[in-house]
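Take a look at the structures below.
In the two complexes that follow, subunit A is the common piece, with subunit B as its partner first and subunit C second.
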Partner chain A sequence: MHIMEGFLPWQWCLFWYLIAIPVVVYGITRIKKITDKNPETKPLLAVSGAFMFVLSSLKLPSVTGSCSHPTGNGLGAVLFGPAVASVLATIVLIFQAILLAHGGITTLGANIFSMGIVGPVAAWLVYKGIKKIGWGSSIGIFFAALLGDWLTYVTTATQLSLAFPIPTFGEAFIKFMVIFAYTQVPLAIVEGLLTVVIFEYIMQLRPDILRKLRVIGSEKAQDSPEKVLEVV
Partner chain B sequence: MDKKPLVLLALVAIIVIIPLTLYNGLGEDEGFFGGADGAAGEAIEETGYEPWFNSFWEPPSGEIESLLFALQAAIGAIIIGYVLGYYKGQDSERNKEENKKNGKRM
Partner chain C sequence: MFENTLDNYAHSNNLTNLNPYFKILLGISTMIVSLVSTSPVIPIVIALFMSILIIFKAKISWNFYLKFFFIPFGFGLLTFFFMAVFFGVGSPILELGLFNLTVTVDGFNLGFLVFTRMLGGFTCLAFIALTTPMTELFSVLELVKIPKILLELAMLMYRYIFVLLDEAINMYHTQETRLGYSSLKKSIKSMGMLGSNLFIRTWLKGEQTYIAMESRCYDGSIKTLKKNEDIKDIGTRNLAGLILFEIILVLGVYFTGNYGVLIL
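Right after this comes the complex of A and B.
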């Protein structure tokens, strides 16, 4: 999903920066608010960022015969909301742009938009939606992470087709979707599975923090009554 | 012990191994297992576009690049391990105390 340095006309670079900056700024204020209110959420914030660090460094082979990497943006989005995930994604993308020449400073705004905004918003909405229809939080986090990952790549394909509609937007879109979105399908499933593993482990050890973040409802109390008593 | 995480991780391993066996013997020279980001870059260059800006710094070789990628993964992994390990310790400490209390009551 990294659009390489210099690979977007400057007007588009500016355009995506203008969209990304307010979201990241809002995300920073959200982090301040959440950690002021519940300081015990800080370690989980670090874990969400770290999860993104690990997953986006793993380039995995796909059945299409090319390699790509997961994004790790679903976990942070579900735990802390999409704006906070934007901030975490920005940190990862700056690290990769400066040290690894993956992505770039000129294309940072565009890459934040795909990995830090569209992906997390999708993940967050999917999780909320699945909770609303009453399915379990593990199923919710699986589809949230899967779609957060996949839509990040669909967004990159869309961004590139908008910037390079050659010969037409439609044809360019198909071309970039073949490169990004097909390759990403198995990797999105991998990301979904890995996110379920870490999420369930967190849920097992510290359901109290997840409850404070309103990630899981208090009806979960039936699962582990002894833990709830402690929180009370 | 809960087996579910192990099953899920095994599934992850299978999904990653399938393409490796599917295209066994084929490598970068045959156009396999290249990065999607690079492929998109090539597709853009084919349209006649010239990138107008280059990275300030690029890892000088594949070795250095893998060093930095490993570093990135290591930073992430150590944070996850530290925090979840800490939670795990807290959890078992709590269980121990509860057991003690229950023991006294009985």
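Right after this comes the complex of A and C.
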């Protein structure tokens, strides 16, 4: 859920920028390390980012009548790990602001925090957790995308109610959550299903890619995501 | 559904050749003034001014602009109603006669302020998006010391967005002609197929790009030729106009103060 340009008061714009920037900088140093060692990962990362953008511009006719689109964040986080996914999501958000006028420049920090940091980290943790219990990859992907989405909305609602705590933060939070719940709960389920379908087709057609990324197979699946890209 | 990227307009409008630093400086500084404004007056002025710039100076067709403007306008209006009804603590001025909902003065004023700020901010964003091509934006970003690796990734991504969009559109139309989106269940299945195929194509493209780059002496950094436009080329007249304009706006913000539409 993009927060529109001009929606947040300037103090909060600044605040979310200050929180988002260190994380993105950390992600950039990771990417730099990876690409310095294996220059061939740079075009791969770039096309994956472009893929995330294109995926987010596909509109899915949704149950609530409004149009929704997949965010691709869950998939990105599971495939590349949260640090790399957050940098890719940042670039995607900038492109969405400038090419599609979704989101905005002053609210970029807040949007990066909810969609580029909280979403991917949650999705990645959920996926790793479910893998550890020993359930299948598909179930893991479904819950990763679903919870990644939901947590993104919870974060957005928190950001909005922090900015407009009227009469109190708690009451505003409940109002925003109720409004989101009507539209976003079914949407997140649809996105979860969609991500599973995408993942299963990739598994059928080109399992070697997933094996390269160590999403499935090999015992070392617990490796840090950065190592994953070094192998590619 | 895919065709509405603003890129075509950015490359072919009357302001394309204006110095990019000037356009971005104008857009961002006006956006900030709109954001810090505490009364709805200045954001409305900004929204009108920017729309006039876009339609009459940049010569974007007003038909397209209105359609484009309608989405944030509708969303803003929705937010306005939402805030007017739910975000008031003061005296009620209007009973809706439904679930005890009332419109209050402070809720109405807050909603209207946020609504106008959104319009002001959005028109500034639209001004940048519709008049400045991405490639020029990259050269501006380079000046503000964005890490090089991020810029290189962004440039490659920018190129591949359009390649992939083409493929996605083709796949989507083929699926649609075969009734792939006739029900929700089919939609999910079709879109899943589209997404996975796109990802695999993406991957192949990435591998091929690397081979192509390596055969052209890629050593880890991408070197590009830039138009030699400089921040100094803005010209004193333009710069003076810009500063004067922003000062007038800031003064306007100062004098309008906390003025709301409804005062009780």
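Points worth noting:
Criterion: the second predicted complex is superposed on the first by the 170 of 232 C-alpha atoms of A that agree within 3 Å, B and C clash if a C-alpha of one lies under 4 Å from a C-alpha of the other, contacts with A are read in each partner's own complex, and residues count from 1 in each chain.
The working rule: a contact is a pair of C-beta atoms (placed from the backbone, for glycine too) under 8 Å apart; a residue touches a chain by one contact, two chains touch by 3 or more.
Computed from a prediction, not measured in an experiment: that's the story for all the values here.
When the two structures are aligned on the shared chain, A:Ile28 is found in touch with subunit C, with no touch to subunit B. When the two structures are aligned on the shared chain, A:Ile112 is found in touch with neither subunit B nor subunit C. When the two structures are aligned on the shared chain, A:Phe199 is found in touch with subunit C, with no touch to subunit B. By the touch criterion defined above, A:Thr183 lies against subunit B but remains apart from subunit C after alignment on the C-alpha atoms of chain A. Look at A:Pro39: by the touch rule set out above, it reaches subunit C but stays clear of subunit B. Of the two partner chains placed by superposition, only subunit C is touched by A:Ile94; subunit B is not. In the superposition on chain A, A:Phe164 makes contact with both subunit B and subunit C.
By the touch criterion stated above, A:Ser57 is placed in contact with subunit B and with subunit C alike.
When the two complexes are superposed on chain A, the residues of subunit A that touch both subunit B and subunit C are 4-7, 9-10, 43-44, 46-47, 49-51, 53-55, 57-61, 63, 95, 97-101, 104-106, 164, 166, 175, 179, 190, 193-194, 196-198, 200-202, 205-206. Per the touch definition, subunit A reaches subunit B in the complex via residues 1-7, 9-10, 43-44, 46-47, 49-68, 95-106, 153, 156, 160, 164, 166, 175-176, 179-180, 183-184, 186, 189-190, 193-194, 196-198, 200-202, 205-206, 226, 230. Those residues of subunit A that touch subunit C in the shared complex are 4-7, 9-10, 13, 25, 28, 31-32, 35-36, 39-40, 42-51, 53-55, 57-61, 63, 70, 87-88, 91-92, 94-95, 97-101, 104-106, 164, 166-167, 172, 175, 179, 190, 193-194, 196-202, 205-206, 209. Across the complex, subunit A is touched by residues 1-2, 4-7, 28, 31-32, 34-36, 43, 68, 72, 75-76, 79, 82-83, 86-89, 107, 110, 114, 117-122, 124-126, 128-129, 134, 137, 147, 149-150, 152-154, 156-161, 163-165, 168, 172, 181, 184, 187-189, 191-200, 202-203, 205-207, 209-210, 213-214, 218-220 of subunit C.
The touching residues of subunit B, when paired with subunit A in their complex, are 4-5, 8-9, 11-12, 15-16, 18-20, 22-23, 26, 31-41, 43-44, 47, 49, 51-59, 65, 68-70, 72-73, 75-80, 83-84, 86-88, 90-91, 94, 98.
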